[in-house]
Each structure stands twice: as C-alpha cells, then as structure tokens.
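Same chain, two partners: subunit A is paired with subunit B first, then with subunit C.
== the complex of A and B ==
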C-alpha cells in the first residue's frame, strides 16, 4: 500500500499536508490536557502546601491511602453507582418506550420530537434551579402535587435522604430521557424490515419479534447511548451542587461531587489530585470501551 | 516523487460510487411490532400527551413565575385541592425581576462574558478542529488509532477532574478570573469534541471530488478550502453551535476559573441564592434568560443534534 501513495499524500519536510493541518490542534490539545494530566499525577504524590513560602512534601501514596480510609470517598462510589444505575435504567426504559411511539408517528413526528428534545438544551444549573423550585416544601408545585396525591408523607423532598436522591434522579431523567429516546429511535429506523417481515411470516408474536429481531439489531446503538449517558453522569455535578450540595447528611454526595469539596472547599490539593486521578482512570477505561464499540459500529451494523 | 503518476486510489473501503442510503420508507401499513389500530393510536397519543406535559410543565411554571410578583409565585392551593391548580395562571404580569437582574445584579455583563467566552472558544475549537479533522480524516499516520483515542478521551474526562489541575496551573500564570483564561478552559472540551464531530463529516465525503480537484491542479490548501470545507459546512456549523451551547451552559469552569471578573450567567444565578435568602423571582427570570437562546440554537441544528451529541456515533 505504501508505494501507492496518491498525489494526496506527497510529503513536504517529512510531514504530509494532512500532518501539518492536524498539528495545531494536537499541540493545543496536548498543552491543555497532557500537561495538567501529568501535573495531577505528580501532585497526587505530594502533600501540597497552600500558604506561600511553604514547600510541597513528597509523601508517596499517603494521599491514596487516606482516600480509601475516608468513608465519604468509599460511600461516594456507592452513591454514584446508585445514581448511575437507577438513572440509566429509568432513562433506558422510558426512552425505549418513547422511541417506539415516536417511530409510529408520521406527519406529527417532527413537531413532537422538537418539543420533546427541549430539556437537552438546558444548562444543568438551570435544571437544578427548575427542580429546586418545583420541589420546594412551601411553594413548589411538584411538592404540592406529591402531597396531594398522597405519595409524600414527610415534610420536605430535598431534606429527606431518600427523596433527595430521587429528586436528583428525576431531574436527570427529565433532561436526558429524550436523548436516549432519539438515539434508540435512530436505531429503530435501521432495523431491517425484511427480517421483521420474515419473522412475521414465521408467525412470531410481537414480543418475540422484539427480542429476536429488534433488540439484536440495536445492540450497538444501545451500548453507545448507555455509555454516553454513563460518562455524562460522571462528568456533571451541577444539579447536585444546586439542589442539595451533597446533602442531606451526605446522601447525595457522589464521588464526583466529593472531589469538588476536597479540592475547592478543603483545598487539599494533593488529595484532590489523587481523587481526580482515580476518577479519571475509571472514566478512561469506560472511554476505551466506548471507542471499541464505536469502531465496531462503523465497520458493521449501524451504518 | 518525480513521476507524478496520478493514482486515484479509493481510500475508503466502501465504494463511494454507491449512492447514499436513503431513509427507509415510512409509509408502512404496520408499525414495527403491531398493526395500527384505533386503540393503539389513542394509547400513543395519551402517552405522548403525558410526556409533553411532563417536559413542558417545569418550563411553563418557571416561565410564569418569572413574571409574577413574589406573593403570586408562592401561592399554592391547599393539599388535595385539585381545582386550585388554576392558581398557576392567576397573576398580573410584572417585569420587575428581569429589570432587577440588569439594574442591580449586573446580568448585562454576565451575558456579555458568557457570549465572549462561548463564541471565542467555539471559534478556536471549530477552526483548529476543522483543520485537524481534515488532517486526521484524509491523512495516514502511524498510530492513528492512538491519536484518535487520545483526542476522544480528553473529551470524556469528568469536568471536576480537569478543573483541579487547570485551576492551579492557571493561578501560576495569572489567568484566573480572566476571559482569555475561561476561553482556554472551554477549549479543553470543545476542541476534541469539534475535531471528532467534524471528522465524521469529512469521512462521509466521497474522496473522488477532492481527487478530481487535485488532478485539475489545485493545491492541497485550495482543495481543502474550496471543496472539502463547503461540503462539510453543515457539520462545521453544528459543531460550532454545540460548542457555544456547552460553554454557555457550563457552570463549573466559569465558577472556578472565571472567578469574580469573568462571571457568566450560570454563575450569576447561583449568586442570587444568598445565605440570607433565596431570590426566587430573579432566579426564575435569570433561568429563562439562560435557557431560551440555547433552546432556539438547539432547534436550529435539530437535524444534527443526535449525531453531534454522540460525537458522530449515531446518525438519525
């Protein structure tokens, strides 16, 4: 293949035109990502001085050990896991139902999807305030609704550990179920009709057709949707920051949120760096998974 | 190098001559799983109606609250008094909260900061992203897979993780609390995003058009500028709009890096919640100011929204 380089790939100064145009982006990206990345790894091994004049002290893995002894950190992973699993499950099920319905629409499909996708454009901070207002225990309309329907026994939603987590999840579901629905809808549109016809001729009932034909054809789309949502839930802490600030009694203090506390409330930089590095490690592993799936998708199924 | 034989080697595995796959016909008599029945239609519309109400209710309630007096906005009926729901619509409109935002709270400059930071960062991201995407899409590199993975992984890092080192690095360079600092901070997530998204659009272009232009004697740069960029324009526009949207909506970077002198609208809103009181009237109107332009932008690029938000992995 190498000899067959076309006119497009002639080299100048050892780098093709394509190398030259890629260069600025790579350099800038390296400056703003790789340098901070190594900064973080190095600092995670230090006890970092806050006051000027003091010197950083090399402490080996003390920051990491301290993290695992910190029950808030360990619990943070559990809370994060609960947040992720419940949100994803609800968004997936509702999103799938919505996608199936949207797939049936004809003329009205455009206007309906346009209305439905509005929440995705809204700043997470704004979503936090919208729901903080709706869940307010003295004048929030959703609080009033839940009370009136007899679903809420306690006095306050955001003041109760279980309900507070539920409120955060509800806000997330409100904002991101449309995203899941639209991704799944795109997948549904690519389910080959001839396979469906064939299954129908074999006399397979709708449920069987769903599990035998529709689902297998949508695997890649489902994986992509779930992974992107997973990473975004790890990435954002805005709604928690607005609605509960991790409370009540740490009930919504996810591991991502707790990092914010460590770094910008306690200003413990060494530990924040260690914390951040572990969080990043988990996300990178997931990202690798995402890219693998995406490459497979490009080669085969979804296109 | 000497013999400039024009070998037009098809670069991509798929034969570009094949016409683009058309959308599957929608005029099926049956849906994917079941026959269209009147009952099914009713169920469909009931579910959709519930979902639309659930989607719009928070926006309508907050939108109305933003033009109510505080007393009206806080008036909920007794628990169980379902007829009292109409109270939501009982008010005389006032613009006092919006006025307060601009006269007392400085939202005029917050909006300006948000605009400069998001448009500035989106411009950098899209210009460098378009160049880089073209290079990555057309060029052949050693370890291309690793470069791609590195680029996409920078986008997936949790925002808090990126902010911790950036804060301390920016502090030593005196870039905290400045608009340029904020622009650079936003570029950390916008650049990799736009590069990856635009690359998908370049990948989709049939390479023959560019090769033909080369044969006609155009330079690489001319082909890029006159052929490739115009053809990928929708993707470039979509990337630009989404970059603006991400930056305008961002809170963490603005709060930590933007500091006191480069406050944006999301930061401004959180300051309306003081330790003494929560100014719900101004908060609700500021929320409306924050979200309306982005909803408009999102609808504008509706066609590319899913492709954009999945970084090209899923197309509608």
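== the complex of A and C ==
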C-alpha cells in the first residue's frame, strides 16, 4: 500500500514524498561538499593574488605544471608511498593477529579489548607529543632501549633522516593497529561457525581453515578496514607536524604534509588547490583499484 | 496553579514569541553594532581619549609566548582603563599563521589584532595590516608619552617588526624580542680550563672574540664525556623558523654573508633578484658548518629552542645558542641543574681563516621580534580601538611589569636602560632573563645583527633552505651540491619572489623609490 502511494506520488510530483522531504538536506549537503570541491578545481587554475587589491590571474594548468617541477612535491609522493605501504601492511598483520587473539579469548575479552583500543581513542596530536618524548635522546625510554640494544648507531632518532620516518610509522602503527583489530574482530565474529566446524570435521588443519574458510568470509570487512585506513593515512599529518615538522632534511615531508605547507604556510592558494585536487584524485584512483582487486580476489576465493 | 489546555497553549505561544523576538533582536544587534565613538574634544582629557571606545570587544591572536601570557593576565587592567574587553588567544606559531592568514586573506575581521612575528608573519601579511602612522599623529587618540620614534626601540627593531618593503608605513609595534645569545656552562669552563689548555693550547673561556672554530674545539673537548656533559654543543636545526635562524648565525658570522644583496636588509624587498647561493663563501661556510654539525649533539637536527634548552638544562650539552627568554628556566633550580652556573655571551664570531669573500668576521646574531598589528579589514573605528590596545601593550609600564612577572626581552630602550632592569643584569637577580641583556645589547647592533631575509615568500624560502642545509649537515649531500640546489630552487621553484611582487616587479618595473635608488647597479 505504502509502496503504491509512493509510486503515485512520484508520478504526480516527479519525486517520491521521502525524496521531497530529504531535498533540503541534500541541497545543504551539496552546498557543503560539492561547492568547495568545484571551487578547489577553479582556484587551481588561478594564480591567486597575495596582496590586497591585486586580481587573481587565470593561468590554465600552470599550477599543475609547476607542481611537477617542484622536487618537494615529487619526492613527497615517494615518502608518502613508503609511509602508506609500510604502515598499512604492519597495521594489517598486527591487527589481524590481535583480532585472532581477542576472538579466541575465553575470559575477560571485553576488558582486554577495551585496553587494546585505548591508543586509537587518544588525539593524534597527543600521540605525536607522546612519541616525541619517547624518542627524545635526553629522557626518551624508546631511545634508551634502542641504543642499549645496539640498534641505534647514530645516537638520534628524530634527528636522523632514516630513523625519523621509522619513528613516524611506529607512532602510527601504535595508534591505529587497534582500529584494524576492531574491524577485523567484527569480521571474525561473522565467520559462519558451521563452515568452520565442517572444515574441522573434514580434517582441515588450522592454517587451511584460515585460508579456505575464514579469509573468504572476511573479504568485505578487510576491504572496508584497509580502505578506511588507506584514506586516513593519505591525509594524515598530525603526528608528523608534532614530531618532526617534515624534517630532518625533508625526510618525513609526505605529499599531504607538503600540501599543508603550500596552502597554509606559504599561502599559495592556487598551487595548494592544484596540490589538493591531485592528492584527492590519486587517493580515489588507488582506492578504486584496491576495491577492484579485492573484488576479483573475493570472486576467486568464492570459486 | 492550574493552566488549562487552551491557556497553556496560549502561554507557550506567547513565550515562543518573546523568545523569538529576543533572539532576533540579539542577532540584529550583533550585526548592526559598531563601536560607538565619543571623540574627546579636549587634548588633555586623557581618560576620555582612552575610553572613547568603551564597550568594544577586541580579539588578539598571538603566539603562546611569556609576554603574551603576561599581557593576558593584565586584561582587567586594560578594561579598567579603556572600558574595552580584550580577549587574548594563544597558540603555536604555525596555527597562528594559518588562522591569521585565512582571516586576513578572506577579508575577515575575526581577529582584530594579530601577532606580528617579523619574518614568518610580517613578510607574508604585512600588506594586510593597517598602517599605524596616521594614528600615531592623531590628537583624538591617546598616545604613548615616549612616542614611537626609531630611537625609542632597540636598534632598528621598529623597522624589522613594523615596516615591510615600505619605509613609510608602520604596520606593527614591537613588544618582545627573543634575541639569540650563547648559553654556556661557566662552571665547567672554569673547572676544566687547564686540561683544555693542555690539549688545545689556549684557555677554556668564552669571550666576545670566541669564534666558531673555538666552539669546534670546545665540542671536541666536551664530547669525550669526561667533563660533566655528554656533548659540547647542541644546535637547533628543526625544519622551519628554528632551523632557518640557527643556520643563519654561522652563515652571517663568516664574512657577513646573506642570501641577497638588498638595499636595506631591515626593511626587505619584494623582488630580491639573484641570490648568492653557490658563491665561494656559501660553499666554504657550508663545509665548515658540516664539521660543526658532525661534532654537535646528534639530535641537533630535530631540536628547536625548547629541545636544545631541555638538553642544556639537563646537562646533555655544555653550550648552545638560544633565546634570552630561556634564561628564566635555566636559572630555576627546580627546573634545571644549571641554575647559577650559566654564562651568557654574544653568539660566536666568524673565524677569519674561514672567510673567503674578503669581508670581516662578526658575531652573527639574529632574533624574532614579536609585535602587535591591526587587521586592515576592520572599519576605521575598529582600527582606532585596536590601536589603543597596541600602544597600551607596548608601553614602558606594561613592558616593565611583564619583564618582572614572566620575562622576555622588552623592546623599548627606556625599559632596557631602566635602573631596575640594569641592576637585574647582575647576579643575584629577580629577573633572570635580564642576565642575557648585556650580551644582547652588544649583539643586536650593526655589524653583528642579521635581520633578514625579508622577502614576501620567506616561509617557502625558509623551508627550502632548511631541507637542503639539513641534508648537507646530515651528510646526505655535499656543500657544493647544497649551494647549487639552493640557487637552482630559488630561481625555479614555484611561487618565486618575482611572482610575489606582481607583474610589475616580474618585468623589472619601477620599485619603491628609496629602494630602487639604493640598489647597486646590475641587480
């Protein structure tokens, strides 16, 4: 009955009743999200005046061309790729391990889960300060540990271009592995027990059960978890800002951190808009590729 | 009391109408309200002049420095004098840059007063700040009894903080100046002088003539870890404002080298032209600086002023160049093991044998001057109201009380030469920051002081400079390659200064007359 009314309403007014009710919210959302997006694209084609009274100059794709001539921008992509790939891989592996442990806990599972989730509840800026102090050569416990273990030859973590990136990754892994664990734990809870038991009855060893039963049932959850983290890391600058400000020697200046520099420290709005648009475009393309690959994998596993 | 169905509805309707009416009135009032001006006719009627904008609310967005906190603590005093409410909001410099930039460039008026840190803020936003010169001679506004002449402030501090690329316009008044001086462990220097002399052939002492080469010897001596500290020296090469200033000190000490040959380094220029990176002196300076960094604390590239101060006051390093305001924590026995043991001197002098440009060695010193600027988007009346706060906050009385309460380095010469402050420059003192003033006052004058480079794209230049020099200091890139990269990036990096100056400057059009006249031929 309700469906019939809705169809009649759509025929008469061009849109269902619910559609009309939702329309103001949709328009508002469009204004909030779509307008700035197009504004960014338009601004990326201008050299935005830096003095009052001057006019913006339409420069076609000069801002984009300039970006590719900028070594910090090009190098920033390499640093970003390293940051994203290593962080994501480590967080996924550790997160999965944690999720498996939590899933098999017989007692105090809720308490342990809550404790494990604490890092992701801390503000990223606070995590930045925490790790800046932990890696400090004067009183940092991690610094002392690494030096005592003979792993740190140079004497500095945040002052060394190689170690500084490792420090940023460690802070990120510490904060966001629990998030991955939480998502994967939810996926593990949804794995059908009858399939697991059937595989067990058939004599499948745990490793085979994991790859043949658990993993195929978790593909969607894995895609969601990895995708969210990927998009998050792509725009993540908080800990870098606090721990290294992109240094030393630009070693932690990811392309997203450099965007912050260009837009809000150099106030080069046109170049910042072009930079932001490219970053968004690349994030969307990689995310889509990732979804496609995972879908193919899912189909393959299902067969 | 029973309210029936119809009367309750009536009551709610009436209450709703009243609430809606009140809200509308408030909103309309908010939109329409302007500072009410009641010009005082009489010149001597000081109270009326100060109170002409009573009821106005001002917001000052500042970096979280001790003087800003001290002024914030005196907001009630300002209210009592003027009837104006001042809301001082403090944040880290990068956030202040971001918020002020969005406000100014978006035509906003959210922050009526802006923190005017000379290069990071002023070079970029100077054009958006209101010109204060008309207010300074306005008889309908209260004025500082000392005035605002250049001689009333430290050596050219008004130029550095208040004038950007235009000598005729003052857009900020200075209220604090963090000057770099040498902090060294005097106790260790006295205790180990003989051992040092045995090894290096001269006594272990720090004077105005101590050079960077001597500092290198001091580093080697203390790095043995036999003399009470882990390392001899700590730099502050963290990427950004800290790193730019830290690299600049030895660069300038060696033959007064600066990136650009400007007509007036204290005012700056919109179009600096070709830079000097790549010349023989720049390569030589980077070579010796790399040696200095090799021997300094390995954390040097990750420290800013707070980081190096922390290392100094916990006994990790024996020496560091840092800003005078850190003397307060170094001299506090609750915070530092160095209380009462610190000597303060000018920053090291350049080593003559390291100079190849034929110029002289100086004690390269730089600073960060904090000033107060007025948002140029404001109406004239709001600018006048904001001006009243600016002159109050930079007055001698306030600067003196700020110094006595929280520290910093005052900017008015009348404060720096006040008998109370002069007395405080010797131990024992209740104003530990004043212990650095004798060195400061010697160092902030020509030829030792280096104010620039004041160029519109300073923030971008500082980033590029820090990255390339840090690569060199970390041993990832040679001095020649570094100088070459810096030269190349200055000319080809996007957002070059020639663009910042607009089409006229890019095509070599007329510049400001006084700058164009003083510019050497060929530039």
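As a convention for this text, the second predicted complex is superposed on the first by the 260 of 303 C-alpha atoms of A that agree within 3 Å, B and C clash if a C-alpha of one lies under 4 Å from a C-alpha of the other, contacts with A are read in each partner's own complex, and residues count from 1 in each chain.
Definition applied: a contact is a pair of C-beta atoms (placed from the backbone, for glycine too) under 8 Å apart; a residue touches a chain by one contact, two chains touch by 3 or more.
Being a predicted model, the structure only gives us computed values, none of them experimental.
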item: Subunit B versus subunit C as contact partner of A:221, first or second or both or neither; value: first
item: Greater subunit A contact set [subunit C / subunit B]; value: B
item: First, second, both or neither for A:241, with subunit B first and subunit C second; value: both
item: Touching partner for A:279 - first (subunit B), second (subunit C), both, neither; value: first
item: Which superposed partner A:133 touches (first subunit B, second subunit C, both, neither); value: first
item: Partner chain(s) touched by A:211 [first = subunit B, second = subunit C, both, neither]; value: neither
item: First, second, both or neither for A:58, with subunit B first and subunit C second; value: neither
item: Partner chain in contact with A:288 - subunit B first, subunit C second, else both or neither; value: first
item: Common interface residues of subunit A - those touching subunit B in one complex and subunit C in the other; value: 138-139, 241, 264, 269
item: Subunit B-facing residues of subunit A, complex; value: 4, 6-10, 16-26, 28-29, 32-33, 35-37, 39-40, 43, 97-98, 100-101, 103-106, 112-126, 129-131, 133-134, 138-141, 144, 147-148, 174, 178-179, 182-183, 185-191, 193, 196, 206, 209-210, 214, 221, 224-225, 228, 231, 234-238, 241-242, 256-257, 259-260, 263-264, 269, 272-273, 276-277, 279-280, 283-284, 286-288, 290-291, 294, 297, 302-303
item: Contact footprint of subunit C on subunit A as seen in their complex; value: 47, 50-52, 54, 63, 66-67, 69-72, 136-139, 154-161, 164, 241, 244-250, 253, 261, 264-269, 271
item: Parts of subunit B lying in touch with subunit A, wherever the complex brings them together; value: 1, 4, 6-9, 21, 23-24, 26-28, 31-34, 36, 40, 44, 47-48, 51-52, 54-59, 61-62, 65, 73-77, 79-82, 88, 124, 128-129, 131-132, 134-136, 138-141, 147-149, 151-154, 156-169, 184, 187-188, 191-192, 195, 210-211, 214-215, 220-221, 224, 245, 248-252, 256, 266, 269-270, 280, 283-284, 287, 290-291, 294-295, 297-299, 302, 305-306, 309-310, 313-316
item: Partner subunit A, residues of subunit C touching it in the complex; value: 94, 97-98, 101-102, 105, 124, 127-128, 237-240, 243, 297-303, 307, 310-311, 314, 316, 376, 456-457, 459-460, 463-464, 466-468, 470-471, 473-474, 476, 489, 492-495, 499-500, 502
